[in-house]
Amino acid sequence: MDTSLLDISGAADERTFTANDYKGPTARWCPGCGDFSILATTRRLLELEQLAPEKTLFVSGIGCSSRFPHYLKTYGFHGIHGRALPLALGAKLRRPDLHVFVVMGDGDCTSIGAGHWIHAIRYNPNMTVLLLDNNIYGLTKKQTSPTTPVNYKTNTQPKGSYLNPLHPISVTLGVANASFVAQTADWIPAHLLATMRAAQQHKGLSFIRILQRCPKWTIDIFDAKVKTPDEMMILNHANGITDPKVQKMYKNQMEHDPSDLDAARALTGMTSHIPLGLFYKNEDAAIYNELRMNKSFTTEEKMANLEKEFDRYAV
Amino acid sequence: MDTSLLDISGAADERTFTANDYKGPTARWCPGCGDFSILATTRRLLELEQLAPEKTLFVSGIGCSSRFPHYLKTYGFHGIHGRALPLALGAKLRRPDLHVFVVMGDGDCTSIGAGHWIHAIRYNPNMTVLLLDNNIYGLTKKQTSPTTPVNYKTNTQPKGSYLNPLHPISVTLGVANASFVAQTADWIPAHLLATMRAAQQHKGLSFIRILQRCPKWTIDIFDAKVKTPDEMMILNHANGITDPKVQKMYKNQMEHDPSDLDAARALTGMTSHIPLGLFYKNEDAAIYNELRMNKSFTTEEKMANLEKEFDRYAV
Amino acid sequence: MSSSQSASSEDAQEVYEKVITGLGDKTYTDHSCEVVSDAGEGAQKCGQGFGALSAKMGNGAWTVEIIPAEIEPPPRTPGSTSGVGIRIGQDKITNAGDAVKLVIAFNEQVLLSRHRVNAMSDDCIILIDSKWRTHVNPKVVGEWEDAMKEMSTKNYKWILVPLEAETLKVVDNPKLGKNMFALGLLCHIYDRDVQIAKDQVAYTFRKKPPAVTEANHKLLEAGIAWAAENLDFRFLVPARPPTSELLVMNGNEAFGMGALAAGIDVCAMYPITPASSVSHYLADVYDNFGGMVHQAEDEIAAIGVALGSSYTGKTAMTITSGPGLALKGEFIGLALMIEMPLIIIDVQRGGPSTGLPTKVEQSDLLCVLYGQPGDGPKIVMAPSSIEECFHCIITARQIAETLRTCVFILSDANLATGQTPFERPKLDAKWMAGPPKQTSVPEGSRPYEWNLDTGISERFIPGQRGGEHTVTGLNHDESSRVNYEPATNQLGHAMRSRKIAVFAETLNAPIPYGGDEGDLLIVGWGSTRGAIEEAVDRARAKGLKASSLHLTFLSPLQPGIKEACDKFTKVMTVELNYSDASDDPHITPTNRRRGQLATLLRAQLLIDCGSWGKVHGAPLQPAVLLGIIEKYIPKA
Amino acid sequence: MSSSQSASSEDAQEVYEKVITGLGDKTYTDHSCEVVSDAGEGAQKCGQGFGALSAKMGNGAWTVEIIPAEIEPPPRTPGSTSGVGIRIGQDKITNAGDAVKLVIAFNEQVLLSRHRVNAMSDDCIILIDSKWRTHVNPKVVGEWEDAMKEMSTKNYKWILVPLEAETLKVVDNPKLGKNMFALGLLCHIYDRDVQIAKDQVAYTFRKKPPAVTEANHKLLEAGIAWAAENLDFRFLVPARPPTSELLVMNGNEAFGMGALAAGIDVCAMYPITPASSVSHYLADVYDNFGGMVHQAEDEIAAIGVALGSSYTGKTAMTITSGPGLALKGEFIGLALMIEMPLIIIDVQRGGPSTGLPTKVEQSDLLCVLYGQPGDGPKIVMAPSSIEECFHCIITARQIAETLRTCVFILSDANLATGQTPFERPKLDAKWMAGPPKQTSVPEGSRPYEWNLDTGISERFIPGQRGGEHTVTGLNHDESSRVNYEPATNQLGHAMRSRKIAVFAETLNAPIPYGGDEGDLLIVGWGSTRGAIEEAVDRARAKGLKASSLHLTFLSPLQPGIKEACDKFTKVMTVELNYSDASDDPHITPTNRRRGQLATLLRAQLLIDCGSWGKVHGAPLQPAVLLGIIEKYIPKA
């Protein structure tokens, strides 16, 4: 492994970070936007995990949600629409020392970014991927997204959207090498934090779909959910995500073994409730960035090896 | 619905077509290529279904397999790499009278075309989609494809491919609105034909993964399969695909109800055998091109309606 | 002391009390103002309504949107500014004009953002909500004072208006009312017809319960009354009764209606600012025309769907902006190679990359002309007004089908969101001509049977018996068979290029505006036409021999451009895109990167033109250009 | 009758019997030949081996691949032709040269395909397998006779060789043996060193069991023996003992090694002809250098991965060809906007669209220069030889990192698959310089702290304490904060453009080849250099005052080009891309679409140059160009 970028000159790191150390400029989302809660929870996570700001990288695409990195004081890469995952993979591949997070909107990830999404799940690099799913195109002003409920009126489908929504978790679970797949909601910070912590600690790609309120365009969709906690079904398991606060708060709880892929897939078809928690976890899935680690060489060694190459091609 | 392109002037069609009526120029695949068999079976299908050549459209991307349309005497659209499905959707959306077939390679469909694939499954337009899966990039000379077996040596991954292959059927079954999903093999023409016929008769998008021999690059992968018919597991069901010849030929047969999505998904994890047949069928899935049909208007009506629009914007 | 003097923080206490400008009533041939608020406070509704009702009165009018790049960013920050600029005139108004002379600002922060981009003239009259100056929160008061200090460099005339306080007298939630009170202020100041104003308000809220309209009528009247009582000036811009029927809409709506008039069947798109609203308009009404908006999974799929539709005989277009255009390049190459009719609308915005997504720029010209690998001859046109947005699609369809090629239409954020009245088009059934017939193909004819002289051929459409063939992006012969031979490849290239030259022969020479000889010829394209021609008028009024030439076609170029240029001492392109200035450090004639039209004119016609280009994300102001003209033409 | 007369079907019986050309042995400064077979019969191995062994003897050599666009199309069809052209010389050979003088053809159909593209000189000697003329299948005999008839328009000299029959004496499967018998023929004809030839054969089959080499040695010897016995001529091209150590490889391998020498960490790609083999080479050896080839899911992801790697301090490149380039445009715009070092190699092939995927063209220049929406200043360079393919990556990395920008390298199918010896590079440790250090960022410094004079700034890399910032494709200020103000947008644009101008100042003027004044200056770029300069040599030998100027940098342009052009009566670009000819129907100077370099030179330097361009999918032949020169320079 090439370690040239891995060590910081100087003494061991004895800093302690508070949530404020991760605070960037004021976020510019609409009042009441669920993204605020996710941002606050993220700062909390960074503090809990004591991730060094300079070793932490948030990568995003384009959308309201993709402004996320700007509002943190870590390294950030606000990319282009749908392409956060290749950028993040490129970052992680040769810099395993970085803590890489990816933030995408539902259009960003499941529409224009769908191909990269499928393949990132398969590559399974060690990073945390947050899908901020407000069921709509926020930044471009209310167009249908693949997760928009059927018959929901938007600017491009004013008579209501035509198709049943795509279930991001169902698609993810169809891909070989999926290794950590969870669902949570921005308005349940305790569950959100517990889920993000488990994700951050998981080795491999952890995919979290976060139901995200967009008071501007889809308030009717989410208001109902926020106001009827009984619609939620909390998934529990010894190997899953458990937060005592959440367990107390919600009436509906069920046991789900996250190692059971068939059960996880079946759960995505649940219509009576919205399951929140860890759908699936597989700690044995191959991790592409680890498979691709190779030996590092000094310049002298490289030059000698290149001379050998020349020899092979010498006249 | 706009019918202006739907009727052919003249008398009712009383032609009968033979397989030869669909024959185009000599195919230019390598000797022994599985694509030949698929081409021959396709001509057989067209004959059996008596599809008028001028009403039949084959759309493809780029790859060995994507040369397919050139070798038929129907309408054809040899597109660009990975993008056959949007082209086909565009064709079908306003021309429901056309019989639309799509031919893609594994790289074409599951790598560069992955996003369109996911979304085409969800749109579920009424067309037949053939994935010619030779587990390799054929035309560009042996690079790893998403369906290449793990550890298989290729020109871009000479030490062996790194990851477990993506299962095209598993991914497809993760997508909302999947309506017909089957697997077959080029070297079992009877099964291939039976599958293609069922697909052609199905309303909605029928997705068929065809295991396809590539004697040039992946002969070792497919030789084994061809030579050990006992590796195959034929899926039978009253509502599935049944061909008496195939049932006689193959030792391993199992009942599988194609309406059972969970069972279908579980089948994609089978490692003991290769299941061939209909994994899943849902005749109630919404068909996007049908949902998008609307009333057709004469020029006079359109002009009158536009004048009404003008009125709305009049000063 | 008079309240019309400039503000400074020291004497902030006194300055904003009284409302005596001493201006009285004055008549203008045209006048411009702005209404700015935080996003979500409805300044847009106020401004657009003001523009529309002025047009209805018979005034020339032009409105321009001020849009934040976020949906509803934190209030009272410069980046949260949302609003509209409105210019009205006795005659036709062709552009947004110069810095405005009057502003209604809902708070001092949004005003500050306009100050920073020099949106207001030095003597601009500013009506601003008085609420913030004496706010209970000292932080707010401090912000107010800092803002006033920063703005004290200009001679603005300040008028404090109890905007929120007065609004609260009528409604409970002032956020949803200040805008109509503000409209009342404007109606008094510009002496608008109250009945027309009330009709406009009713139209604005037509989808809401009647009580909403009622409340807003009250607000309107309250605004008018307050202004009548407290203001000592009016700007009179008499309207001339319209001589013909007019429509008022923005450029994207005009595209939408143009598509309907042209009989376009399919609009395949992926949302992107500032193009999306074309599809919003169409999606609303397309069912009455048998057409379809398809929102695809991405821009590549969008053009793919359009191309697939076109292949099967349907008329199709795709709409996009910069980042989306970048993704369509491969399919454009295919469309050109297979000679498939296709209309591609690019509503340009600030680049490169995500750039300035809600602002105007003209930076995609070279990308459209040269952006595909390999040789890609095509048609490129650029409407220069909202009216042309309507008409150009009709032309584009005809060209695309006759030549079997792609036609690009380059609009921009200025045309997309600007509104102005224009003559109601007289529809023609021919524009909507149905698709080609499904008759059998005569035996022996081939799908690319090029006329070797003109490069033009006729296509076969699925359904036509005997026309079966496979189109392909590989090089192909006249039968559409794959072919790798040098002569065939050369022939295909020549045919695709030739037809563009043949089309060029049908074009007329553009006519210089102002006069056909002189000291300086300004060459422009697209949305800047109105501003350029107004600057030329002003320059000529000053005795300067300046003219302008505006190009509708960028590929192929119209004939006669070089000849027109030859009659002027200097030629200069004026564009809203980047050009190194000739006196920038390190810039030499050899390494200088010039504006995009300048690059094209030099390459194609060897015209030794100067290049003026700015990327300010704002429409061109005639006064700015006048300054440039004065610099370039030596004083006699 | 003599067998050297031209073939016609009437006297087909007699013509091919005897092998008397009457030519005897002759010495040449250079000579060229081809070996062509059906795909899968190994003509490539034969030809490449012949080139390599000639280079080892000290000859100049250049090989060019003939590749079908399918993998193994049906045998005995013109489209199935696979083979190699080889030109060897006493001195350095810089290009493939003209129509060949000798061909070994495994059957008459593949030969016919070469005839049809004028690959063979009028007096070419053709050695062809006699098997088909008397084949049991009358259809084959008919095809043979038709082919002979078609080829009878030329004065080819025919020699029938019992190729398969003789091969069968040594091995059972002739498909895997004819090629080495053919190599034996060539070894005799060109008087090659037998030991070197045997070493070469052993090297070719080094990965196979020793028995394979043994059998092939026998075939080689059989070929030599048959030729010695049956042929009455030899082409002697004496070798000069090499004065320096040489390497022999193709341009894609040279790119691969260049990447190793330049310390490139990551090559992210998606397979595409003719670029893929760069990654095949690298994938084979990268583990010995700590590097990584990443095959992405598509071209967009490939450049995304490269960009992500670059952002984190790794050196990264992406390789592609036309259709893939088209997909990268949006990410290129982002890379330019955030000023991220990146190397993009485009190995050009025939376009537009899928075009001619295995053949040479130079049609992506304008796309690379102008192909992204918005303003995109960048560096574009084009190696003109296989040796330069190696060295240019080293330069590219240095430029990309110093300027924080994208560097494009334009190669093509001719360089990619051609092989020629060049001087073994002397490696320099500096080329491989490690990445920037991870030291803390001094307080107060900003991620885009542009030097306002030069536009250059220093970047911060994740891991650097205190450097935390978010890069963005939105317009941003020096702190990388999103910004929508006119002045900031203008400044960012100016800075990104300025640094390119500053870089231009460091470039040297290109030096005309031939002489620095005269009647005609040919300007070229990329792989055509060898052929152009050879044509200039020949023209000057005839007393014509022609010179050439070859450009390495296309953006920015090197200084002095205009000055160099001014010293010639005429200036003309010569490119392998499409140009309307000035005398084509309907073409006028105004609407003419010219070659891509011509377009650039006119736009940037106002050079009134002619433009010669052909899209034949074949390397430029010096003789063809000589013909053009003779046409353009009036006979004295």
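All chains are identified by letter, namely A, B, C and D, in their written order; residue positions are counted from 1 within each chain.
Here is the rule we use: a residue touches a chain if its C-beta (ideal position, glycine included) is under 8 Å from a C-beta of that chain, and two chains touch if they have at least 3 such contacts.
The shown structure was predicted, so the numbers you read here are calculated from the model rather than taken from an experiment.
Here B-C and A-C were compared by C-beta pairs in contact; the pair with more is B-C. Over half of the residue-numbered contact pairs at A-D are shared with one candidate from A-C, B-D or B-C, namely B-C.
Averaging Cα coordinates per chain places chain C and chain D 45 Å apart.
Annotation: 38 Å between the Cα-based centres of chain B and chain D.
Listed for chain D are residues 79, 287, 297-298, 323, 330, 334, 353-354, 472-474, 482, each touching two or more other chains. Taken residue by residue, chain A touches two or more other chains at 62, 80, 111-112, 114-116, 118-119, 146, 292, whereas all remaining positions touch fewer. Contact residues of chain B toward chain C in the complex are 1-2, 4-9, 24-25, 52-55, 57-59, 62, 69-70, 72-80, 83, 85-95, 97-98, 115-116, 118-119, 292, 294-297, 299-300, 302-303, 305-307, 309-310, 313-315. Contact residues on chain D toward chain C in their complex (touch as defined above): 68-69, 79, 116-117, 321-323, 325-327, 329-330, 333-334, 336-338, 346, 348, 350-357, 359, 361, 363-364, 366-367, 369-377, 453-454, 472-475, 482, 484-487, 489-490, 493-494, 497-498, 500-502, 504-505, 556-557, 559, 561-562, 577-578, 580, 584-588, 590-594, 599-600, 602-606, 608, 614-618.
Those residues of chain B that touch chain A in the shared complex are 111-116, 118-119, 122-124, 146, 162-167, 170-177, 261-262, 265-266, 269, 286, 288, 291-292. Across the interface of their complex, chain C is touched by residues 26, 28-31, 62, 64, 67, 80-82, 107, 111-112, 114, 137-141, 143-144, 146, 155-159, 216 of chain A. Residues 40, 70-74, 77, 79, 269-273, 276-277, 279-280, 283-284, 287, 293, 295, 297-299, 323, 353-354 of chain D are the ones that touch chain B when the two sit in their complex.
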